[in-house]
Every structure is written in C-alpha cells, then in structure tokens.
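Each chain gets a letter, A, B, C and D, in the order it is written, and its residues are counted from 1.
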C-alpha cells in the first residue's frame, strides 16, 4: 500500500517539526516550574539564539557555537529577570505576564531594527544523503533535531532532578516560604531559572535555525507551538513538554496533509482548547500530593 | 444627583467636544481623530474586562473583525441601514464574547490568556476561509449611505463617529461607574467576600465578556468605512496586543483610562512618523516602562500631578438619622426588625459533620445545636478544626459526611451564594470588604440585590431617576448609622481603621435583615478599647433585632462576656458545651489550654 | 547575647499586629514566647527571620544587624525557624527534604542524616515516602529536622504542638529537650503553658501585640493574674 | 558599521521631522500644490516595519538614490526634489499616510511604495483625491480597476501580465510539461497571482494535477510535497515569498521529487534563494521585470550597485532588492514627466504630460542615470508603464536574466 509509506513520511516530518516544538517548550516549562510565571518573551529568546548562531558560525566552529550561544542567551534572560522583572514581581502576577508579552515584542523589534535583512540561512550541521528505509526518506537534519530535542530534555531533567540548583528550583516551586527557610534566596533561584530557561531557548534557536531560517518571525512561529506543547505535557513536567511537542508536530502535519493547510493552524488551537478543557493538568501530570 | 449624572456623561461630552474642535482642523487631522476615537472606545471597553475583570484579553482583534465584517456584509447583501448594521455587528460580537466566556470561566492567568488567543486565531482563520469575505486579499467597503446621502467628506465621518463613540462611551461609563462596575470591583478584590453576598461570579464574568466584545465589535463596524478595505491582517494578533496596551498605559480603573490610553497610543505612530522604523520598538518599551513605574497609568500620573481633592461628601438630601433614635423609637426599628422577629426552635443544627484533608481529620463527627436568638461561641486551640467547621456551616466547604440545617430547612452544601436570600450572612477573619468602593456602596452590595439584570438596569437608571436606588441607599445608610459609621458614607473603605472596617463588615452583614449572623474571629487584631465598643454593638443588635449569632473566637475574655452558650473544640471534636462559666471550669477544657501539670496542682 | 530584638513593629494594612516588642536571647538559653491566639506571636518570629516585612524596629544576630536581610541569608547565618504550619515540600521525600535543608548550612558542616534518624526513629522508616503523605506528628518531626540539619545557632519553633494529638506531644517535647542540651539556643513559641514549661526557664507573655510580662516560667504558671492576662 | 548607518538615518529623519512644520507654512502661497521656486515636494509611503519591511525600505532607498542624483545634477528645470517617505502597511496606516502627504504636506506627486492591501486602500482614496499617483510595486488588480486618470503604474506589470509571461515560459520548457502542480500561499499576493494564472494554464491545455496551500511563514512543506509527488506532475509552480519557496524546494530535494523542474513567482528572485534552496534549485525558472539581475556584470547594473553603496553604506543581506532598482528607475520616470510638464505643475498638466510620455528611460533625463529598468510608455487609456517581462533561470547557484 503506497499510502503507508506516505503516512510514515508525514509522521517523520511531524516528528522533525515536533522536536523543535519540544525544544522550545522545555525552556518555557523550566521557567514556569520554578517561578510560576509563563514567559511570553520565550519566542524572542529562541530567535536571539538563532541570530547568535548565525553570527557565531561566521567566526567559530559548530562545537563552540553550540556551547557559547545557550550560555549567552541564558545570561541575557537572567539579566532581564533580575533587571526588569524583579521590581515587577512585587506587583501582581497580572502585570508580570503582560510585561513579558511586550518584552518579547521589544526584543523582536530591536533585532528587526538593528539587522534589517529579510531571512538569513544557516547550513545544517549534519550534511549528506538522507537514509531511505522502505522508500521512506529520513533526512540527517531530522535525526539531528530529534537528537537535539532528546539531549536538551535529558539535560533539563538531569539538572532539575539531580543537581542542587534543580532541587532549589523544585523547592521554590513547591513552597517558596519553606525554600527560603532552607537558605534558597528567591532572587537567586529566579535568576538561575530564567538563565536555565534562556539557555534552553538559545539551544532551541540553534536547532531551529537551519530548518526554519533566521528571521524576526521565528519568535511568534515558535512561541505558540511551545505553549501548546507545554500545555499538552502538563506545564510542570519536562518529559511532558518533550512528548507534547512531538505529539503536536505529528498532529499538525497530519492535519495539513490529509485535511487542508489552513487547518494546520486551526488544529493547533483546537488541540490546545481541548487540553485546557478536559485535561488542564496535561497528559503527564507531575506527581501531585495534597499537602496537609 | 447632578454630580452623579455629570460623572457618568462626562466621557461622552469630552468626545463630542473633541469632534467639534476637530471640525476646525484639516481633513488629515480629522481622519486621525476618527481613528483615535475608535481606539479610545476600544480601550474604554477593555477597561471593563481587563481593568475590572482582571482578564488578559488577546481576542480584541477578532471581536473587531466580527463587527467590521458582519456590518459590511449585512450592508452589502441585505441592504441594512448603516447604524442598524453596526448594531447587528455588535450583537454578533456580544455572542462571540459569550462563546469565549464559557470556557474562560474555568481558567485564570496565563491559561485564560491562551484561551482568548485561541479564539483570536480561530476567528481570523475562519474569516479568511469564509466565502464572500474576500479572504486575505481583503474586502472593499462602500462609503456609508444614510438617509439617501453618501458620506464622503472627513468632517461628515467625524460627526458620525463622534456621535456613535459618545453613545458607546456613555454605555461603558454608566456600567463602569454604576452598580455593575462596583460589583466587578468587589469580585476582583475578594471572590469569597462577593460569593457570600449572592454575587454570581461566573454569570458576571460571562456578561462582562459579552458587553466588552459587543462594544469592540461596534467599534470595528465604525472603523470599516474609514479604512475602505477589510483584511484579516488589520484584526490580527498584533492588533489585540496593541489594544491590550490601551487600558494599561491609560489607566485600568476607569473609562477615562481606556479613552486616554487608546487615543494617545493611536496618535503615537502619527507623531513618531520621522522615527517610523523605531515606532514598534518605542511602543513596546513605553508599555514596559508604564507597567514598571506607573502601574496606575496616565490616570495615576494625572491624579498625582493635579492631586485632585478627596471626593466631596455627597450632598444628597437623605432623611437625617440619629443613631440614638433608631434604637429607641420602635416605629423606625419596625421596618428594621420586622423580618427577623425571634422565633423558637433551633436556628442552626449540625449533625454528625466530618471533614478531612489527606491524612488529617479536621472535623470528626461533630453534632451541635444553636438556639434561635442565642449568641453561641465556639473556642479551641490552633488547629482544633474551628475554621473548617465554620467554613462548612457558611457553605464554602462541603462536608465529607453529615448534615447542616438552618431553621429546620435542610441546607444545600456549598451554595454560599444562596445564603443572603435565606437570611444567613457572615463576616470574615481577614476583613473581606470591598476596598476601592465607598462605605455606602459596600453595604449596598450586602443587601444581596446583586442579580445581573438588576445591577445593569440600576447602573443606567440610578444616576437619573434611581427609584430602586433610593430604597437601597436608605437602608444602607440606616445600617451604617446603626454601627456608628453614619458620617463616613462616602469614604473609600480601604482608608478606614481596622475597627471601622470591622464595623463596616457588620453593617454589610445586617443590612439585609438576616436571621442568623456567622462571625469568623471578629476580634482578631482588635485593640482593647475597640473591643468594648464592638461588644456593645453586637449585644445591641442581638437584643434589638433578635439576631441569632454564631461565632468562633480566640479572645476568651470577649467570648465569656458576650456569649450565652459556649462550645469547645479540640482535635476535631466537641469536648464541652453549655453555659460559658461552667464550660471554662471543666478540667478537660483547662487542660487543653494550660496542659497536664497545671490541673494536677489545682 | 546571641539574638537581640529592639522595638519590633509589624503592620498589615490598618492592623498593627506587633506594637513595639523588645527582648533578647542569651547563648544556650531557651526562652518561651507565650500568649493567646492572635496575640502576634507568629508575626513576631516571622518578622525576626524576615519572612514578613517589619514596619519598624531592628534585629541583631551575633552582633550583626539582620533587620534588612533576606530570609535565606538569615537562615544561612544560623537563625532557622520551624514555621507554624510546617511549610514542607509535599512532592519531596523525607530524605530529599533533608538534602535540600543542608543548603542552609553554608560554611558550617551539616549534621549527618544518621543523627537525625537517631533523634526521630519514625522518620528513618518513612525516609522514602513523600512529605505530603506523613501524619501530622511525622510532618512536625521532619520540619524540625529540616531546620536542625544545618546546625543552627538559634532554633525558633513556632507552636510545634499545634494540631497534634496529645499522645505525640510527650515524645516530641522529649526530643526538643534533647536538642536543647546540644547547646542550641531555643526560642519556643507556644500557646500551651505546661508544654513550654518542660523546656524553657524564662518566658515572655505577649498580649494583643505587646509584651505584658517576662520572668521565670514557674512563676508565670502559678500566678493567677498572668493566667488571666493570658486569657485576655 | 551598521550602527553608524542607523545614527545617520536617525539624525536625518529628525531633521526632516523638525523642519516640516516650518516648511509647510512657506507652502501656503505656492501657485501649484507642492511646488516652490526652488523645490518640488514628492511624497511616498511603504512598509518600513513588520514582515514586508524589505518592500518599504527598498522603495525609500531607491527613490532617495535617484532624487539625490537628480538634485546633484541641477534638479528638474532648476528645482530640487524633496522626498518625504512615510511608513505604512495596513489599510488604516496607508490611508493616513496618503492623506497626510496629500492634504497636509501638500505634495505634488504621490508614489505608492507598497503592494499590500494597504496600497489598495490608499488607491481607493487617491482615486477620489485626484492627485497624480504612481504605483511602482503593487501587482494586484484592485489598484488598477476601476481605471482612474490620476493613477499610473510603473515598472511592475499587472498580475495578468505576469501570469501570461509565466505561461509562456512554462510552455517554452523542453519537454513541454502537460501536468503541473501548484503550491500557493494563503495570503494576499500569491492568491492574486493564482487567480490570474489558473485560467491561463487551463486555456493553454495544461492539466493542474494538485493545488496545495500553505500558511504565511510556514517552514515545513512535507504535507504539501507528498500529495504532489503522488500526482506525478512534470513541473511544480510555487507562488509565494522566497523564504517559503526556498525551504520547499530544499525539502523537495530530499524526496522523490528531487530533480523535477520548478517555476517560482517574482518574490523568489533574490540572491538568498539559491543559497537556501541548495542544489535542487538549479534550473528553477521565473520571469523578471528588470533587464538585469543584481549580480550580472552589465555596466548599468554595476553602476547602480556602486551608487547605492556610496549613498546608503554597505548593504545588509538581501539588499539592494528589486524594489530598490525599480524605485530608482521610476523616480526618473517621474522626473521626466515633471520636466516635460514645464513650469505649470498643476495636477491637470502633470497628468497630461504623463499620458504623453512614450518609451521613457532614466538616461533620457541625463547621461549619469543608469538604465536599470525597461523603457515605460503611457497613454490616456493605458497607464501601465512597463509590460515587458523576460525569462530568468537559476544557473550555477545564481539567478541569470537572459
């Protein structure tokens, strides 16, 4: 049945795009897990990562770029948290969320003003002939991005579950007053959480640059799917973000292939709507305990 | 009366004034004023939903699109007159708001923002795919035809849009400054404090969504002829985000904030023409600065500069009350005590009620009776389960097992909203008054006449003829006089001292002539001398109105003075019940307060 | 003098919960802060460790002015609080809670877990279960261990007896007495006079935000006027 | 190097902003609108922000380059050109910009440097305002009909002319394709081109096997490429922006469609297209509205590149683009019209001079001008300046106009 190979090809296309959505969602979930705020400027950080990757690759080898860019974007995100958002934190949650929306727009417009060009191209890391398995084409780029998403989420899970910093962030998320009594300073933990989220956004930008091109529009193109993937995963679970992204990618590509391309956008939002209505805690809810 | 009318009509007058002044300027400036007025109305309608309702609304563009496309299509295909088409567009928008509000009832914060963004995206995709809307290439809009005359010149459009926006401004201003707006402010400050006085929070949210979306759609309809081509891009997500900035920059608490924010921010690109490339950046940075340093927006800046004198007390001729006469003269108290004449039989029966949180059993098979007309106290150390039991009684916490009956009727658990109508009201440990509202407005809400239709109707009618308003305000003033806050009718509640705030809560709780008053730690944080005054007030109310009272309290001296029945609770169970003097003497009670050794020495 | 509090005032909006409290704690001493509910005990101690903002007044710890310091810095200096309702991390296991608590030790070397499990054998059995699933008594033990593991110089306990059945209280206060002998200065906030008298020698009585009496605890227990003030 | 260019631009705009009110007062007594003894005021607008900012900045810089060159060589009949460029993309902004330039700044001629729905809305206004206007970018029919005496169209032919030229190129392919698949964006410009192209392809007896749509800004085209590969076309037409076509062609290279010939719309004829699309773009065809592609060695093109860099500094990636080139050329067309209209620069006279302009090219104005556009001709019933489109193909990784 020739349609099976086609179906598999669509699914693989969906996995490739889904892996990018997962990468974008993980950083969003990290920041939300520790600070209970959703960073609407996350898409702008991903775009910054892509631009930093484009300029970095002009002077540095891949290995250095994939190391330095996430750190640089992380520092920017941490700086924004301690500089702009810390004073806002005293205000109510409402204005913090809104300020991240306009922060994202400010970053995108700043980049559009400083670097006027239309779209920049970044050549993929793994170059070469794609593998053909039962005439289903598996390009190296798909594998590279899939691997990237897996390693990024592995790093995020390791840091969160094993490292002291991760424990501090989980403690702050679970009970801020109790965490402070254990010597974790709110400002330090929030700064680290935003640095870590920003670094993951930078990494997502690097992986998204070759397939999606480097342009200011990358910000919105990654923010909405990242949010939907995070909601599918349950917004507090890193594994959920990884799987949520893949699921979203596949569902989107299938609906575009078999229904109509306009449906792709609509399906993303229908999925989000359904998740919010029927499973707000997401498919992979973090272990929740009713505290006494 | 006059100053209330003026305050409600002022925004519309301002719009009419601007339009008239606009007639003198050049046609380009007139065009800019039209766009600014429409943006102002968009900001003003968002004040209701974003400012008062605290909803992060990202579907403003979609609502505008519904209004613009619906009105244009009705004019094209069904030959509707322009104003009627705008009205129909508004209705479609209101329906859109209604659809958006149903799921929005369950979400808060960023999830709610995402629900509105979902609506925005689906609406824009829907409009582009619908046949007859010209898709992404846009749809041409014919100039306005009214009374056989075709509008061409800018000044004609300026007058038309000026009149329509003035009307919309009046609607929004009346709602925002009237009973409806007050109720929204109350909900925003304290949801439990509103639920307890019969405010249906879910319904208010849905109606606010519908009204705001209806106005946004009408504004979209007004904009359509001025931009000649309708395309989905004009009403895209960027339009929603920019519109969200209008109430934030202008000031979220009043219709003026929306008008000023919308007007100025829509003129900004014209002023920034020389710096065109940077205008989006400047806009975003400006909003962040306002959120960071002027949370109150331009309004707060103006208020701080002009430091408007505190609101003058209202000079309405209300019948003069003297608190002494109220208590002595039976004729005036007649109207007060008519409803709650003391009847025999138990006012409150708690049978075998249990509640547990995870592994902790907070209330363990409690059975308790409160006689009608009594002042029944419940004491016990921290963590004894008093508050959990109180929340079960006041309908905020459904019990795991057991039954609560009021005056013989069985009680539907959890329906706190129905309590006011059934003559049961409460006060709160951490005073849950409506800070931004005046004392009179706080107590008026206590009356419980808070169903949605009534509050909308009185928002429009009160400033002019206000028949209902007089009776409500009269009984509210009576209640304020009863608790000794007669001179503070128009002071903002948040500026009162704690003692006065407690009095205000009591006034709010008694204005609806309840049969049973539940008091949650009325003395917490109260100074010694204030305690005596509140004690006297509560005793008076119980004696004069035959008002049964059930209270939980830590201050044992106060409990011994006021209560005629006392129960003691420890570790989820009632361990003593009866007259206060002998209950305190029981060894079991002294042990839980002073510990084992002490009773041995006794 | 390891802890000094001068003219401490705490205000929530129009409510002044603590109206100018002054006292100090000597090295190795145990002081009980007594008073009826709503007297302002919790507000006082939470203001001292910085969890809630102070309106006026200053606090000195080992001579350093910690009035403006963050609660996390104060905890790392060695002044740790066991909060009134324990404030544990529900999705942390007992073991992980203790590992997280070592973070407050900063330069001091934290206590080994074995010592904690010795103090509270019940916790040893439950070391892998989630804090949210522990009973009331076990949660209180874990909360105390969390504050203890960083070897604090002053331990503040805010109503350890609250919400616990009387059976558990005896063994709990035995452990607190043992902790006292390790040389840790204690500030015990308690509503129950008898339990407090088992550990503290000196006590302060707080009523409606003001210190109304201070002196040896035995006199406080028998003195009728103090008990009435207590009831005030 | 970029920051300096920005500060320079910033200071120049501030200067314009401040002097404007002063300048306006002096205009009141001019006998014709926008004309004084020493200056002719020309207004223009286009998108400087947002996703299509490359169109607006192309128009602005191209027009400024020509104006500067004309002014340095004595201007038009002794008068210098003063250009005011306003940022606008959406309908509301475009009408506001057009009204400001026409009614407040009182410019003599207005140039539409934008192709979006904004330009259509402004066109609607200009038709009633009557000011001589020059649409140099927009292809959509909405600007062209209903026909207006005061609106002229420059180097960009109409969507129908484009479509006809595409059909000719597609038919000219050897072997002649019989089955064609189309991938088209769901936004304004591609939809307009599709409406013009589809009937002509069917008329030419070519079977359209599949028409696949995609969303603006899409990056992944698996969903579109698959049904197309199943329909076994001889050639694929891609209507949309180069950032989308390049990615689609690159991804097609990794599927069974590799090696199949492609036909792309005008928006894909940019330097970055072959780079992003990679080897599979070799042989991709389109039609081009200018005589040369930027990278071609011919003298006018190289002179233009040199002059552009001299005035605007080292270009960002992708600049100068085709809008820069046609804006430069069309400014010379306006200069020729104004020179021909002589001293009486009333709207009526300008329009008459414009309609009598035949076979005009920049070098007619002065030898220093570079002939980088096709000659343009107008008449009282035909306001379309250029109708000529030549085939262009990707050879050895770059576009080559034949």
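Here are some notes:
The working rule: contacts are C-beta pairs under 8 Å (C-beta built on N, C-alpha and C of every residue); 3 or more make two chains touch, one makes a residue touch a chain.
Only a predicted model underlies this, so the values are computations on that prediction, with no experimental measurement involved.
Steps from chain C to chain D, taking the shortest chain of touch contacts, total 2. Between the Cα centres of chain B and chain C there is a gap of 40 Å.
Between chain B and chain D the centroid-to-centroid distance comes to 54 Å (mean Cα coordinates, whole Å). For the pair chain A and chain B, the distance between C-alpha centroids works out to 37 Å. In chain B, the residues that reach two or more other chains under the touch definition are 128, 277-278, 280, 358-360.
Residue positions of chain A touching 2 or more other chains, listed in rising order: 109, 112-113, 262, 265, 289-292. Taken residue by residue, chain C touches two or more other chains at 132-134, 136, whereas all remaining positions touch fewer. By the contact rule set out at the top, the touching chain pairs are A-B, A-C, A-D, B-C, B-D. Within the complex formed with chain D, the residues of chain A that make contact are 2, 6, 9-10, 12-14, 16-17, 109, 112-121, 130, 135, 137, 139, 211-213, 215-217, 221, 253, 256-257, 260-262, 264-265. On chain D, the positions that touch chain B within their shared complex are 9-10, 13-14, 16-17, 48-50, 53, 86-87, 90-93, 95-96, 99-100, 103-104, 116-118, 120-121, 124-125, 128, 140, 142, 186-188, 191-192. Residues 164, 167-168, 170-171, 174-175, 177-188, 286-292 of chain A are the ones touching chain C in the complex. Chain D makes touch with chain A in their complex at residues 2-3, 6, 49, 51, 53-54, 57, 186, 212-215, 217-220, 222-224, 226-227, 230, 242-243, 246-247, 254-256, 270, 272, 275-276, 316-319, 321.
Those residues of chain C that touch chain A in the shared complex are 49, 51, 70-73, 75-76, 80-81, 83, 86-92, 96, 99-101, 103-106, 130-134, 136, 139, 146-147, 150.
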